[in-house]
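First the structure, then my questions, so here it is.
Should a chain be cited, it is by its letter among A, B, C and D, assigned in written order, with residues numbered from 1 in that chain.
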Amino acid sequence: MVKMKFVAIVGQQEHRVTVDDHDKEDGIYSVELDGRVYRVDAKTMPSQVISALIENKSYDIDLDDRDQSNDPLDGRLAVRVRGRVVRLEMLEHRRKKMKDAATAHFVHSGTVQITSPMPGKILRYLVKVGQAVKKGEGLVVVEAMKMENELQAPKDGVVKAISSAPGTAVDGGTLLLVIE
Amino acid sequence: MVKMKFVAIVGQQEHRVTVDDHDKEDGIYSVELDGRVYRVDAKTMPSQVISALIENKSYDIDLDDRDQSNDPLDGRLAVRVRGRVVRLEMLEHRRKKMKDAATAHFVHSGTVQITSPMPGKILRYLVKVGQAVKKGEGLVVVEAMKMENELQAPKDGVVKAISSAPGTAVDGGTLLLVIE
Amino acid sequence: MAKTARKIKKILVANRGEIAVRVVRTCRDLGIESVAIYSDPDRKSLHVRFATVAYHVGKASPKDSYLNIDKIIDVAKKSGADAIHPGYGFLSENPDFADAVEAAGLWLIGPKSKSMEAMGTKTRARQVMIKAGVPVVPGTEDPVTDEDEAKVIARSMGFPIMLKAVAGGGGKGMRRVDREEDFASAFRMAQSEARNSFGNDEVYIEKFLNQPRHIEMQVLADMYGNVMAFVERECSVQRRHQKLIEESPSPFVDENMRKKMATVAKLAAKAVDYVGAGTIECLVDDQKNFYFMEMNTRLQVEHPITEMVTGLDLVAEQIAIAEGKSLLAKEFTEDFRGWSMEARVCAEDPARDFVPTPGKVTHLRAPGGPYIRTDTSIYSGSEITADYDPMIAKVISWGNTRDCARERLNRALMEFTLKGCTTNTMFLRQILAYKPFVDGAYDTGLIEKYFRKVPTWYKEEHKIVALLGAAIFNFEKEKRLFSQIRVGAKPTAPNQMSRWRATKPNWSF
Amino acid sequence: MAKTARKIKKILVANRGEIAVRVVRTCRDLGIESVAIYSDPDRKSLHVRFATVAYHVGKASPKDSYLNIDKIIDVAKKSGADAIHPGYGFLSENPDFADAVEAAGLWLIGPKSKSMEAMGTKTRARQVMIKAGVPVVPGTEDPVTDEDEAKVIARSMGFPIMLKAVAGGGGKGMRRVDREEDFASAFRMAQSEARNSFGNDEVYIEKFLNQPRHIEMQVLADMYGNVMAFVERECSVQRRHQKLIEESPSPFVDENMRKKMATVAKLAAKAVDYVGAGTIECLVDDQKNFYFMEMNTRLQVEHPITEMVTGLDLVAEQIAIAEGKSLLAKEFTEDFRGWSMEARVCAEDPARDFVPTPGKVTHLRAPGGPYIRTDTSIYSGSEITADYDPMIAKVISWGNTRDCARERLNRALMEFTLKGCTTNTMFLRQILAYKPFVDGAYDTGLIEKYFRKVPTWYKEEHKIVALLGAAIFNFEKEKRLFSQIRVGAKPTAPNQMSRWRATKPNWSF
C-alpha cells in the first residue's frame, strides 16, 4: 500500500488531498479531500480517461495535461467531468514545497509575452516595435480555421519585440510579441 | 530508396512481389505483382490499417497478424479489403527460402493437434485417451459466448492425449487433445 | 397518454450490454435516474459509465450476477430505485423475479408474474393459446422426456421436426431434425443446452412447417385492458435459430393478413392479462397461414425497427405503462411510415464456421449519416469477453422504401469498422445483397440456402489489393527490423504497425 | 418522380469534411460511384477513404485545391465523372465554376450560373427580390465603399446596423455595429474579412431589426419550373453570425405564417429561374413580419433537420433533379412529422473565448441510440487542422415533440466523446437547457444574452470529482516515476497515462 499527499489549487483556493491505494484490489483508492474520505473505484480508459465510481456515482473523468511544460513542478491539468472543464494544479506536496521555494525568489518583471492561443497564421501586426499601447488595444491578428482573431494588449505598455512576419504559420504557444 | 522482394502464398497459389519505396515522398510505393507494376499511395491509419490509393481507387486495407507465432518465418496475415478477408502468407524472399529449407527436412507425422478455435470453457470430452475415432466424430464440446461448439475429428485415428479437465477456461489456440 | 398519480424517478436496469445502454438512454431523455449493475468483467462497460450510479453484483457467471435475484433486489433497495427494467434475456421472463420485485415493494417494468408463467413454458403457452382460439403449430402438448418415445412421436409426425426447450427462448435449446438417424444426438444436445441455458432440460416436439417464415407482432398493453398491436416484424433471416436481420414491415404480409395477425395478437395478449410490451412470435407457411409459436413477455432485441417506422420510443412506452398511463386509441398497424431493417453485428467469424471471436476492441468507428442508428455497448478500448452473447451491436436503417432501407443498411455495415476481433458484417452484407433477400422472397431456410453453394469470400480485385497491402506492410516491418539490427536490436515500439508478439508457450505433454 | 433519359453514374464531390462524406454516402446508397478530391492535409480524411476513387488537387490553401476550378474540372474529366456536387462553401455558389462545368460537358448538381449570379451579391439579390415583390430588410441598395460616407448613412438609418459583405455568406464578413464610435473599426474588419474570404471587399449596410429571428425556407425546384417549399428551419441560435443550433419546425411560426413564407420562398426561387435545392433566409421581427435576407444557392449545413421531419434525402433529391426528374406535387409545408434539432460541434473552447483548438483526435465515441444521427468526417486517429472551418461534426436528433428532440440532442451531446481537442459540446448543452431556448422564446441575441451574466462553467460536485480524479492520476504518475528511478530511469512507455512531453524550446530574442 502506498500513501501520498498532494496540494491542489483551483482558482484561488488550495486543497489538501491524500491518496491511498488498496492493498488487494486494483484500481480502488481511498482519497481524503479537505478532511473528507472518499472511496473511489477508478479504472483507466483509453486516452487518459478514468471511469470512476465514487460512492457508486458513475463519472467519466477526462484528464488533459497538454498544457504542462516538461517541468516536473508543472502540475497543471484540465479535468473534464460530465462536460464541465475544471482547470487546476495538482502537485505532490514535496514538489509543491520545492516550487513555492523557487517562486519566492523570482521577481516578476513588467514584461508580458503575447503568445498565440492556437495554431494558425499571423495575418498582420497592428503595432510596431517601440509603439506605446493601451490595455485592450489590438496587437496582432491571427487566423485559424477561417476566423480572424484579434489579440489585445492585456495592459498598458510599450511593444518591445515582434517575433515574426505576417504570413508565418504558428503553433499554439508561439511567442508573437512582447510588451513591457 | 529501398527495394525488397517477397513471396506470397494465397491458397495454393504463389505470387512474386517486389516493393520499392519512393525516394522523395513518404508513403508512396511502387509494387510489382506477378509482372504488373502498381503505384500505391499507402498511408498508415490507427490499428494496423492502411488507407491505399491504387491508381486512384480508394481502399482501406486492414491487416491482422494475430495468428502469427513469434517465429520470423511465420508470415501469416488476414487482410480485410472492403469487408472481404483474404488469408495469405507474405515473406521476404530470403526468409521464404530459409523456411522452405527448414520444412523440406521435416517429415509430417500422422499426429493432429486439436486446438480450441476460440477462448471459452471446455464443457466435456466426448472421447477418452486410447479411443479410436472416425473422421467427423465429436471429440470435445467448448462453450463460448453461450454457444456450445462441438469440435470434430478431422481424420480417422486414435486419441493419444487429452490436455485438460472439463470446466477449464481455455484461450484460442490452446491444445485440447491429440489424435494420431 | 392520460396523467397518472405515480411517477418513476429511478430505474435499476437489471441487464448488461447494448440493451442496458438502450434503457439508460431513455432514462436520461426522460430525466429519470438510472442504476446499473455489473459483473466482474463488465466494470468498464458502457452501461456502467452511462448510468447515474452503478453497483457490483458478482462474478462473470450470470447466476452469480445478472441472474442473482436477491442481490439485485438488494441493490435496488440500497440505491433507492423505485422500478426495475429487466431488458431482454436474464431475468426478464422469470416469474419468481417478478414476484420478488413486487414483494420488495418495487415496480417491475413488465408484465405480472402470472402472465410470464402462462407464456413461460412453451407447452403451457400452447395450451393457453389453444383455449383462447389462437392457432398454434401442430406438435406435442406436453414435454417428451424419453428418447425412444420421443423418436416414435417424431417418426409418426414425419420429419423434419423441431425440438424445442419447454423453457426456451432466443433460439437456445432448439434443433431442427431432418432425418431419424440424427434424432438421438439432436435430442441430447437440445436437452443439454436447455439445461445449461434455462436450468430445465425438458423439450417438446413441433412439426416443421414448409418454407416457414418467422413473423412477429409487437403489442403494448396498459393496466386497464387496452391492447395495441403494431405493424409486424419479419425475422426469418436466422442462423441456428438466432435472428440475424429483421425488417418491418414484412415484404410477405399484406394489409388483410396484417389485420388478422393484429387481431390474433391482441387475443393472445388479453388471454394472459398482459401488461407492458410483448411480442407474439408466429410461424407463417407459404399459404400465409400463421401459427402462434411463443410470446416473449419482454422487449425484443429487434424492437428498434418498430420504433423507426412508428416514431415511438418503446422503452418510454414501457415506463409510461408501468406508471399507470393508459394507451392512446391509435392503430400502429396502419399508421406507420417507410421501412426499417436491423442487422445484428456479432463477434464471430463466418469464414471459420462462425467461431466466436472475443477480444479487445482497439478501434471502433460506428456508421453515421442519414437514417442510420447504432445501438451498442462497445467502444475503442473495450473488451468483448467470452462470458456473454456474441452480439455486440445492432445497426438499424430506415428508408421510404424497402430498397432504400436495405441499401442504407448495406452502406452502414460497410462503414462499421472494428479492429481487435472479426465480426460478421461482411456476411450480413452478403445476405442483404443475396437475390432471395433482395426480392423479399425468403423464409427461415435462407441462410442454409445461401451456404448450399460455398460462398466466395473474395474476388480477384480484393486479392490483388490484399497482396499489395500485405507486401507494403511487411516491407515497412522489414525496414524497421533492419534498422534495429544496425542500431543494436532495440525492441520494436508498441503501437507501431509491426507487432512481433510473444505468444504463450504451447502446452506440451 | 417521373423517369428520365439521363442517368448519373459517377459524381465528383468538390468539397471536403462532413459534407463530402455526406454526399459520398448518398452516392453509395444510390449505386453511384464517387470521386473525392483532397488537399495535402486531407489525404487521410474520411471522404477520401469512403469515395470510390480519390485525386489530389493541391496544397492546404483553398485557392490551390478546393477553389482551383481548372484542376477540379481536369480531375472530373480524367476520372470519368459525369456530374459534380459542390457541397456548401468553396465553389458551391460560384457562377464561373458553374459555367466551367457546363463548358466541360459535365453536369453541375445545382442551379444555373445566372441564378447564382442573381443571388450571388447581396445588393444585386435585394434588387431582384424587390422587383419580384419579395419583402427585404431596409438598407442600402448598393455597396458602400467610403468609410465616412458609410458612417453618415449608418447614422441616418440609426444604430444598431449590420455591415454585410456584398459577396458574403455563412456569417463571414458580417458585423453588427451598436454605436457610432465602433463603426470605423467594424467597417475595416468587415472589409478585410470580406476580402480574405470572398476576394471582394465590398460591404453594404442593413438596418438591424428588433429581436430578429433567423428563419429560412428550404426549396427544391426542378427543370420544368416546379418549385416545392418545405417546413421552415429556425436558425436564430448564432454566435458571431455562425449558426450553432437549428431546429425544424420553428417554435415561433404558425401555420398561417408558414404558408405565407412558403409562397414568398417559391416566388423568390421562380424570380431567378432556380433549379435544385436552395434556401431563402429571412429575418423575422417580433411582429412575425419576415424579410428576405439572402438566398443560398446550394445545400445548407443544416439540411438534415429538414430530412428528419420529411423522411427525404435532399442529396438524392438534388441528384434526381440534375437527372431531369420532375418533382412530385407534394407539399412538405404540411406533410412533416415531429421535430428535429441539429447542433454544430466545433473544435473551439467556449471557456477561453472560443479559441480554435485544432489537434489530433486520439479517441472518438459518437453518440448512438434512438433518433440520433451524427454527420462527421473525423475518427479516432484523424487530424483536425487549422486550415479549415472549426465545425467537426453535426449531431442531429428527432422526436415526436420539441422537448423530446431537445432532450435527445442534449443526451447525444453528453455521449459525444472526443479526446485530443476541446469542443463546444458542453456549451451547446447549456444553450439547450437555457430557459429562453427551452421555452422557444429566443432570437438571434440569445447567445449574447446568455453571456451577459458570466456562465458558471462547473459546480461544486464537478470540482470535487475533478480533484479526486486528478489526485489519482498524479498518484499513479508518481508511483511510475518512483519505480523508474529504482530500476534505472527507463523512459516512460508511450500511451500510458503519463505523458511528460518534451515541448519545443521557446523562441527567444
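Going forward, contacts are C-beta pairs under 8 Å (C-beta built on N, C-alpha and C of every residue); 3 or more make two chains touch, one makes a residue touch a chain.
Just so we're clear, the structure is a prediction, and the values are computed from it rather than from any experiment.
Enquirer: Where centres are the averaged C-alpha coordinates, which chain has the largest centre distance to subunit D?
Expert: B
Enquirer: Please tell me whether A-C or B-C has the greater number of C-beta pairs in contact.
Expert: B-C
Enquirer: Need the CA-centroid distance for the pair subunit B / subunit D, whole Å please.
Expert: Centres of subunit B and subunit D (C-alpha means) sit 47 Å apart.
Enquirer: How many angstrom lie between the centres of subunit C and subunit D, each centre taken as the mean Cα position?
Expert: 38
Enquirer: Take the average of all CA coordinates in subunit B, do the same for subunit C, and state the distance between these two points in whole angstrom.
Expert: From the centre of subunit B to the centre of subunit C is 31 Å.
Enquirer: Counting only residues that touch at least two other chains, what does the list for subunit A look like?
Expert: Those would be 46-47, 60.
Enquirer: Can you list every residue of subunit C that touches 2 or more other chains, as numbers and ranges?
Expert: 50, 363, 380-381, 414
Enquirer: Given the complex with subunit A, which residues does subunit D contribute to the contact?
Expert: 172, 189, 192-193, 196-197, 347-348, 351-352, 355-358, 362-363, 386-390, 413-414, 417, 419-420, 422, 425-426, 429, 457-459, 462-475, 478-479, 497, 499-504, 506-507, 509
Enquirer: Within the complex, which stretch of subunit A touches subunit C?
Expert: Subunit A reaches subunit C through residues 41, 43, 45-47, 51, 53, 56-58, 60.
Enquirer: Can you list the subunit D residues touching subunit B in their complex?
Expert: Residues 36, 43-44, 48-55, 79, 380-381 of subunit D touch subunit B in their complex.
Enquirer: Going by the contact rule set out above, which residues of subunit D touch subunit C in the complex?
Expert: Subunit D reaches subunit C through residues 21-22, 25-26, 28-31, 50, 304, 307, 311-313, 337-338, 363-366, 368-376, 379-381, 398, 400, 404, 407-408, 411, 414-415, 493-495.
Enquirer: Contact residues on subunit B for subunit C in the complex?
Expert: That would be residues 2, 4, 6, 8, 10, 15, 17, 19, 21, 29, 31, 33, 38, 40, 42, 44, 46-50, 52, 54, 59-65, 68-70, 72, 75, 77-79, 81-86, 88, 90-92, 117-121, 143-149, 161, 163, 171, 173-175, 178 of subunit B.
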